[in-house]
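Quick one: the structure is below, and I'll ask about it shortly.
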Amino acid sequence: MADPMRIRATVVGDSTEVKVLMSHEMETGQRKDAQGKTVPAWFIQSVTATYNGKTVMSAQWGPAVAKNPFLAFKFKGGTKGEKVQITWTDNRGDKRTDEAVIS
Amino acid sequence: MQATKFRRTGRAALAACAAVAMTAALAQVSAVDEIAKYRAALQDGNPAELWEARGEDLWKAPRGPKNVSFATCDLGQGPGVVKGAYAQLPRYFTDADRVMDLETRLVHCMVTQQGYSQADAMKGPFGGPGTKSDIEALVAYVTSQSRGVKMNVPLAHAREKEAYALGEKMFVYRGGTHDFSCATCHGEDGKRIRLQDLPNLMTVAGAQKAYTTWPAYRVSQGELRTFQWRLNDCFRQQRFPELIFTSEASIALTMYLARNANGAAFDAPAIKR
Amino acid sequence: MRKHFLLWGCVGVFAAAVVGCATAQSDVDVSRQAAAVLKSSFKANGQAGLDRLDQDETQRLCTQYANKPLPKDVAEMIEKLNTASIKWPADGKMQGDWKNGEKIAQEGRGKQYSDDPKGPVGGNCYACHQLTPQEVSYGTIGPSLYQFAKLRGYSDETRKYAYGKIWNADAYSACSNMPRFGHSQILTEQQVKDLVALLTDPDSPVNK
Amino acid sequence: MNSRRRNFLQTGGGMTLLTMLAATGWLRPSDAAAADGWNAAAFDTKSMDDTMKALGGGTPVPSKAITFVQTPDIAENGAVVPVGITSAIPNTQSIAILIEKNPNMLAAMFDIPAGTDPSISTRVKMGQSSNIVALVKADGKYYYAAKEVKVTLGGCGG
């Protein structure tokens, strides 16, 4: 089970700024371990952010996104006290959803 | 032959060299500036937070054969008190009759309260690709609770003084194939290794700057690294054998450097290259 | 002059002993204890055995005087000791291939417990020195060596100095921060020659 | 990877594409179920042309309305390179980050729904110094801007 994300959602003017940290190895599939064996690719492929059931950001990633990925974006609107929900899915089919209250 | 050729083209070469030297100097200045920008860009969104969150869960959860949490673990400020504890470590603990740094104290609590064997408690002090270290996560959480707190490491007990004096000596101990001591890299102001600035840890200012910014998320490794790890990896690069986790030397050196950092506000977990 | 210095040194040690309270350990005792604690705090790993903590005479003296001025006679003794250890090339040729030298200067691996004992061993010169102007990622623990021979002259003396200094830096400057690459068998004779070439070959980018 | 094969992959239908990727060992069969709609072909391209083909787009045109923010000229470590991209092109639909000299060029693609700022910030890996290309799709057309980022060696090298 993957570790929870750290999500910060803050109202800035008329928008909500979202910053996310995800716990993930993001293995490229090109690295070799100490025994010289290639470590298989293992990386987040899709990220979706929703607010009030509406998608406010969706992304497709390859293994070139850095380990323990960081993502920041902004969407119009967003009310303090309401929630932003983020889901990622990796190439092994692992999935993780977390949410944060807008402050 | 080469010398003649050199003399003939001497004037042109000289001009070219001057130009190259200037370009190199300019490149150097802008390289340092740009790397400062790179570091600044990383500040926003430090993955160390992921370790802090996991560490907080580990701190609060019942664990070990006795199924108890760290709520009874005294880091020096009373059972279960985490706030500001790291800023006053290492210190002498009466119950253990020795000077302990944070890691040593955590291991002590895991053994005496949670019922782990010494060997199990000492397992995996440092994480790697695919292997997570509980100790590192706990250290991330505990240290994060001293953010903004002024370093105030005690030097009252005779054993604390002894550890400090030993650490001071170890810092200049030369050995290994390369004759390195800690002071080789960290004993002068304003030096760099490759492009990395080297703090002079023998000065208060240098120790403050360095000690208060560990643990740190190392972007080169994608791992949170503790001060224990920092010492361990310095010795590896000094071509010494491997520093034993929670050993007396590692505590003494930590004591020397932490005490020298007294007065500065603790500012970690940080993020470094 | 030297006697004078020693005299003051003795007074200093004496004063420290008197000022410190009766139970305080002497400086020498603390040093001895520190060395003993160090030895119990490490474990052998790979090619780095515990013997790496055993100091030779040079390391011992440089540790002893780390926090105080190095007395002139001690410095001379260290330099003499290390000068005697320099192994000059049998064929008299000091200068190898600067291109290999550049690779050795860039290579940071070797002798660490994490390194493959059969893997490359470098000088890691760029960690501490500026060399070619093309490499902007260089350290400043040692002086810049850019235009090393261009400034000193493309002479036998320059090559001999470079060779000797790389082989054993303590022969020229007691308690140098620089490893004794030849003496401590970090680099081979050929590698030292290649580094000499990097510094002294007129074609080397160091001298451009 | 040649473009003929790329075309084949594109037109070959889902099954064929996945089977072929599995055959190259790049994607294990179990990966197929991973993320819905993940554009496997686009993430396996080695050139700008191939990427454009995989995305089903034409030739992108350079645009000064695409800017890099918080993207340094020099990265101390290629393992983590901050990249921020802002598009001032009206009706920006998506922003992609491409790294010219990486083994596979495409690093990430972001869809920008209406109401979301055409501005994203993330961190990528770079194997070596390279151009970073910001590819923007707006009103169905593609635009780009590029920025060179140098990757330095760090530390003791060991």
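The chains carry the letters A, B, C and D, assigned in the order they are written, with residues numbered from 1 in each.
We take it that a residue touches a chain if its C-beta (ideal position, glycine included) is under 8 Å from a C-beta of that chain, and two chains touch if they have at least 3 such contacts.
None of these values were measured; they are calculated from a predicted model.
Colleague: According to the touch definition, list the chains common to the neighbour sets of subunit C and subunit D.
Modeller: B
Colleague: Between B-D and A-B, which chain pair is linked by the larger number of C-beta contacts?
Modeller: B-D
Colleague: What chain sits nearest the middle when you go by CA atom centres?
Modeller: Central chain: B.
Colleague: With centres defined as the mean C-alpha position, give me the subunit B-subunit D separation in Å.
Modeller: Centre-to-centre distance between subunit B and subunit D: 36 Å.
Colleague: Distance-wise, how many Å sit between the C-alpha centres of subunit A and subunit B, to the nearest whole number?
Modeller: Averaging C-alpha atoms per chain gives centres 29 Å apart.
Colleague: If you average the CA atoms of subunit A and of subunit D, how many Å lie between those two points?
Modeller: The answer is 17 Å.
Colleague: Cα centroid separation between subunit B and subunit C, in whole Å?
Modeller: 25
Colleague: Check each residue of subunit D and list the ones that touch at least two other chains.
Modeller: 79-80, 84, 123, 152-154, 156-158
Colleague: Please set out, as single numbers or ranges, the residues of subunit B touching at least two other chains.
Modeller: 31, 193-196, 219, 222, 237 - these are the residues of subunit B that touch more than one other chain.
Colleague: For subunit A, what residues touch not just one other chain but two or more?
Modeller: 66-67, 70, 72
Colleague: Under the touch definition given earlier, write down the residues of subunit B that touch subunit C in their complex.
Modeller: Listed in rising order, the residues of subunit B that touch subunit C are 2-3, 6, 13, 16-17, 20-21, 23-24, 27-28, 31, 165-166, 169-170, 172-181, 183-185, 188, 190-196, 198, 235-237, 239-244, 247-250, 252.
Colleague: Which bits of subunit A are touching subunit D when the two form their complex?
Modeller: Residues of subunit A touching subunit D: 15, 26, 28-30, 40-41, 45-46, 54-67, 69-77, 89-93.
Colleague: Subunit A touches which residues of subunit D in the complex?
Modeller: Answer in residue numbers: 26-28, 30-31, 33-39, 42-43, 79-81, 84, 99, 102-104, 106-113, 115-117, 119-126.
Colleague: Once bound in the complex, which stretches of subunit C touch subunit B?
Modeller: By the definition above, subunit C touches subunit B via 25, 30-31, 33-35, 37-38, 40-45, 48-50, 52-55, 58-59, 62-63, 66-67, 111-114, 126-128, 133, 136-141, 146-147, 150, 154, 170, 177, 179-180, 184-186, 202-203, 208.
Colleague: Okay, in this complex, where on subunit A does subunit B touch?
Modeller: 3-4, 6, 19, 21-23, 25, 27, 31, 33, 39, 66-68, 70, 72
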